[in-house]
């Protein structure tokens, strides 16, 4: 049998290479050489990102277990960039003496979750998908519980692993039923025979909640705020952007590729989930004082918005979704970046700690404001465009009421985003957070995010590029 | 006759100039500018009058001249506001009246207002008023008239409130403006009705007598009443507001808070007759298409006249007496119009009322200026502070007397002729109304002489004014004398040759019976007044006692003001605005805040779901899964 | 990109200029020059427009340009102006200009203030020049957001509450709007979001029945239509001077403009059938606003409620659906914009001196502040519709226009609306009498100083504009009138 | 006894029996997860759930789709992954124990609402 075709899985291999190099480097390099570890790691990963950012012809490997379509390059690149930003933001944290010894693990685990997502994205078979899923989530648990001596981290880790495993076991049970009812695990074959018999519907539901869990849709979201709060901030951002981004993409592809026959069944499900997620998350968010929890709920409601793109099930929706993920990545990572900088310096995460931030840290609060406005969907920032496109995609399929509900929720979301802005700009504080001079990598990452927020929307090239292949799929 | 434009423009220019320069100018200079401008336009309007009445006559009928006419703003294909100058007998007459009186008043003011703060502002406002008033009378179309109507209202507001630190003055100004404004609402809606159906604002077309103009109004009715009645009635409300017809007369007495010359100009001679002028302008329309309204006007006029005359008998503030007499006299004019018909002899009332407007302007201005000079001398408006002034101020005395005789309608003073015509016309219309009007004439004579005597006769109350009062300076006396002269001889103007309802000549012939009767009534009432007020006498008090109710309510102006206070304060402020404001705050606004509140509340209520217990999370997770499954399977 | 986009470009450049400028002097220089340039530009564009028309170019929109932006959604960046937009651009430039001078010595953080201010003006200008629904909506929202910070940071009184309320309620409006826009786009089946394109198609009547109310209400919220007006008093009361000016002067006009351009123009059938609902609502807000203004004691609240009344009149006239009334509506937008801006400017200046806005605590200011006093009187007279000031022409056009509708319903409503001129007089004179006339009660008020040069500049500019519009309305009313025509013909279909 | 054994070999035990078993296992696991107090027990219950799924795969493969291997392979991978999960979970539980000196699931609710 010819294995050369495996070499086509370029992204996965290059990432694997990076991981192995880093592992070896971390283990065998001298103390002196290790000083450059992060630099090397970052540059390697950047290289990997650049190498794999060009879409290729679609192909299938291993008898269709691994299926590539050009669109995946975009989503993977987005994930790469996101990861890169996260790593940049984590740079300072990993340089601290306490964590220096663990940074090898940090990189390794992060990248392995990324690898898992790669497989998840490109999978053409439920086995592959399952492996990807688990590869993405098990190391994640260790990351969540990364700093060992932090009680909260431990708790978060426990909550994450337990919920994750619970979810995935239900999901696996679902998959088993799918297998039982169709006799195959290959997406293409299933698509033809999956006609929506009661058993199959049951199976579908059981299976899909596993993904809903990863996207953290209400009511499968309850782990999210706790885990986000407990884990180290950079990992939270990774969790909120990267794994979520991958999951929504996969959900879309699965629904369209594998379950097209029962669209009339999953559309109502998504409808309900979208309404629930957006509303409940918003209502929870307005009360939050801890900004990490706050962003957790906001990210849940954002996930709800993403469903509007998925529910349309059209190419337009696909493009809007990928675009939304891109914008969401920039905005959310910017917010988390500021958050992590301040937390690392002052270990302050409460909203009222941010009172009068603008007086002392104008730049940081400016970036924060951009990020929040973008999340709230205010022009001229990218968030406005991504939201508009998603609504447009949904409206095209006639989901006006859903769009309207979502829009009403934007009012609530605007309210709580404004609360933070109010804290930073309006409120006064006798001992505000002292002026912070953030290190180069964070600066780079924030500038990068800002540029993204400002121009991804106004310049239509990005969307057009994405759209090209979305129509191809 | 293009130069008539100057008559309007010059005051405007002087207003703008004075207004902008304001305190940068020396008071004297400002006064001179203002007065001289008025002098110029007076001369201009005299020449205009002369030229018009001599030359522009075709087959004995005066033609309507429109020397200037521009479209100002266009509403629909038919309706557009034009600004222009319309010259016909009444507008020419008004030009003469306004410029003359205004000029006199300006001249008078230069010394009357001497040393007042805001002297320049005063003259600026006077020019503004003159401008607006002139613009009003030369209006070629009803909307232009409305425009200047408003401007007149504002300038009157500014002038009444001239002493803006005096609360009563401010209040009076506000009252005057709002009451007239309310009336103008009627005017506006009237215009809207009229213009909608006739498709024009233009007086020329409206009064052309061409029935096609009103074709579309035939048989159209709005809420039961014929559209034309609506239109003309509402328009009359506008006039009633400005001309202080019952029940909108309340603002005029208070308006006396303004400087006396202002009262002379605005609230005696010119602005208050705008209503009369308006009706006269649209007379043909009233006469043909809304006779019911026209008769209504007659009765309202009569009632107002009586009402005001009665009140005038008991007022003690001399300016207020004059104010009420003004209302009463305007009532006469309205009656004159109301009873008039269209055409040569039927148009007698029309002609008479215009005539009375003319003469009244002169002698009433004279009266006010005289009163002004008295007040100037004794620094008080109250009768009780006066008396025996004839020794000190002869000129004022004689001029005032002349004016009194004129208004009382004694031959050969101008008032006699005009009033006589009105009475004659009224008698032709209905003897009863005629009788009433004669009685009012008597009352007029009575209260005027009551006024006269209590100012100039009797023994003076020195304590009221420590220094001995003295005759006013020349700048004040000249106008008095001039107006007195006019008052004496104006009666002999063959008015019918100039102003008639159909623009044709008409020879006035005295109706002897009416004349004799009215004169005798006048003399009789003057006699009574002489008895009662020439010397100190008990009679007034006895009278007051006997008719105590009447006396009391009359001196309280029949409590009309209280009614207004009630309406404004109680009804509008307390029972409409306040509730609305409350509603806005506690219902509408509260609802909006309510949404926010509810969201917050829910947020607190449902926080239990996030219990922190993994098992409960899993439980909800499972529940969600099963519910979805159930829905998918069974729904 | 074409000539029109410069209106968006200039404020953007101003923002850059502000970003680099350090001292207050530089900031003032940048803003002043920018604002003046905008003034000049709008003058130029007016001239160009008129000469184009004179040259016989009868296209519905002039200077149109169209660049594809987001092809998959048929979103174009397309601009173009007709007489109405030109009028609005003029208005905006005047207000922006005067606003800059009214907040010449703003404190604290002048730089940030003007940055937001410029962003706001970008939104407004963009809205008026764009003919594509998406860009229109985008600019609309751009204009909304800076309000929050402008009010929150530089405001006074219950600023945080006011700012939040304003922002959220307007956001609610735009939520309705967005659904409306998407609905219009997809239901019309047009191949572009360009209004002119969509106007060529007809939206199915069933769709119109829910899209029209959505769109109209969406814009109506910004137009302070009863019962969605409550953001206006609280918002305006707490906003800083220049912001109140720009917001009440221009931003509220976006509402009327939008109702006119989108709701009525694109959905004529529904407009015909459903106008009565909104006629009642707007009729209410006309009288209601005026009556509530009578009992207010805070100058800004009084003016805010009078704005409710006047803007109500705008929507009211638009809903009369005939050319004259609509022309009147646009005129009213202009005149109200100018005079309310003047009002807010003056109130701000008075407040800056007396540190109170309660009319009960002021009296006899005319003596110490003659200039401000006289200007206030002029503003008041304009607002109660004195001829030769802008208010009169607008209101008369509206009333005459509304009177063309012959049925009793419209008649009665029109007459009811007319009564507002009396009520307006009542509260205006009440204020003038209370604060300007009489004798000074408060000792401190005896030593107040009258307006400074920059304050005078902004006030005088506005007054001149008001006079100009009031005494020579013919050219602008003709310009607007012929631009209203397309909508009227659309309605006639 | 003997024939049951032979039935097992010949595969004539009805599939429903296996599915029943797996279903029971699954929900037993779920119940355990929801009700147990100790983290370790919860972990065990999860194992039950996963294994139930594995049984399904095997049974489906063996009974319904003989002649293909997918089910079996999935089971193998499933077991492996379950092992990883358990390993990580145990590690974290130990960490918990280090921090809280307890493995009661009720203890770990510091973060809520």
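The chains carry the letters A, B, C and D, assigned in the order they are written, with residues numbered from 1 in each.
Throughout what follows, a residue touches a chain if its C-beta (ideal position, glycine included) is under 8 Å from a C-beta of that chain, and two chains touch if they have at least 3 such contacts.
Everything numeric here is computed off the predicted structure, so don't read it as measured data.
Participant: For subunit B and subunit C, which third chains touch each of them?
Facilitator: A
Participant: With contacts defined as at the top, give the pair, A-C or B-D, that has more of them.
Facilitator: A-C
Participant: Can you give the whole-Å distance between the Cα centres of subunit A and subunit C?
Facilitator: 43
Participant: How many angstrom lie between the CA centroids of subunit C and subunit D, rounded to a whole number?
Facilitator: It comes to 67 Å between the two C-alpha centres.
Participant: Let me have the rounded angstrom distance from the C-alpha centre of subunit B over to the C-alpha centre of subunit D, please.
Facilitator: Whole-Å distance between the two chain centres: 100.
Participant: Taking each chain's centre as the mean position of its Cα atoms, how many Å separate subunit A from subunit B?
Facilitator: Each chain reduced to its C-alpha mean, subunit A and subunit B end up 78 Å apart.
Participant: I need the residues of subunit C touching at least two other chains; which ones are they?
Facilitator: Those would be 168.
Participant: Quick check: what residues of subunit A touch more than one other chain, meaning two or more?
Facilitator: Those would be 158-159, 162, 166, 170, 225-226, 287, 415.
Participant: What are the residue numbers in subunit D that touch two or more other chains?
Facilitator: Subunit D, residues with two or more chain partners: 33, 42, 108, 110-113.
Participant: Specify the contact topology among the chains shown, as one of line, ring, star, complete or other.
Facilitator: Looks like something else, not a line, ring, star or complete graph.
Participant: Pull out all the chain pairs that touch, please.
Facilitator: Every pair of chains meeting the touch criterion: A-B, A-C, A-D, B-C, B-D.
Participant: State the interface residues of subunit B toward subunit A in the complex, per the touch definition above.
Facilitator: 596, 599-600, 602-604, 606-607, 609-610, 612, 614, 616-618, 620-625, 628-629, 631-633
Participant: Subunit C touches which residues of subunit B in the complex?
Facilitator: Of all residues in subunit B, those touching subunit C are 71-76, 79, 81, 143, 146-148, 150-151, 154, 161, 164-165, 167, 170-171, 173-174, 177-178, 181-182, 184-185, 188-189, 192-193, 195-196, 222-223, 572-573, 576-578, 580-581, 584, 588-589, 591-593, 596.
Participant: Quick one: which bits of subunit C touch subunit A in the complex? Just the residue numbers, please.
Facilitator: 69-73, 134, 138-139, 141-142, 145, 148-149, 152-153, 159-160, 164, 167-168, 171-172, 175-176, 178-179, 182-183, 186
Participant: Any idea which subunit D residues touch subunit A in the complex?
Facilitator: Within the complex, subunit D contacts subunit A at residues 26, 29, 33, 39, 42-43, 46, 49-50, 52-54, 56-57, 60-61, 64-65, 68, 70-71, 73-74, 77-78, 81, 84-85, 88-89, 91-93, 95-96, 98-100, 108, 110-113.
Participant: Considering only the defined contacts, which subunit C positions touch subunit B in the complex?
Facilitator: Touch residues, subunit C against subunit B: 165, 168-169, 226-227, 229-231, 234, 288, 291-292, 294-296, 323-324, 364, 366-367, 381, 384-388, 392-393, 396-397, 399-401, 403-404, 406, 408, 411, 414-415, 418-419, 421-422, 425-426, 429-430, 433, 436-439, 473-474, 477-478, 481.
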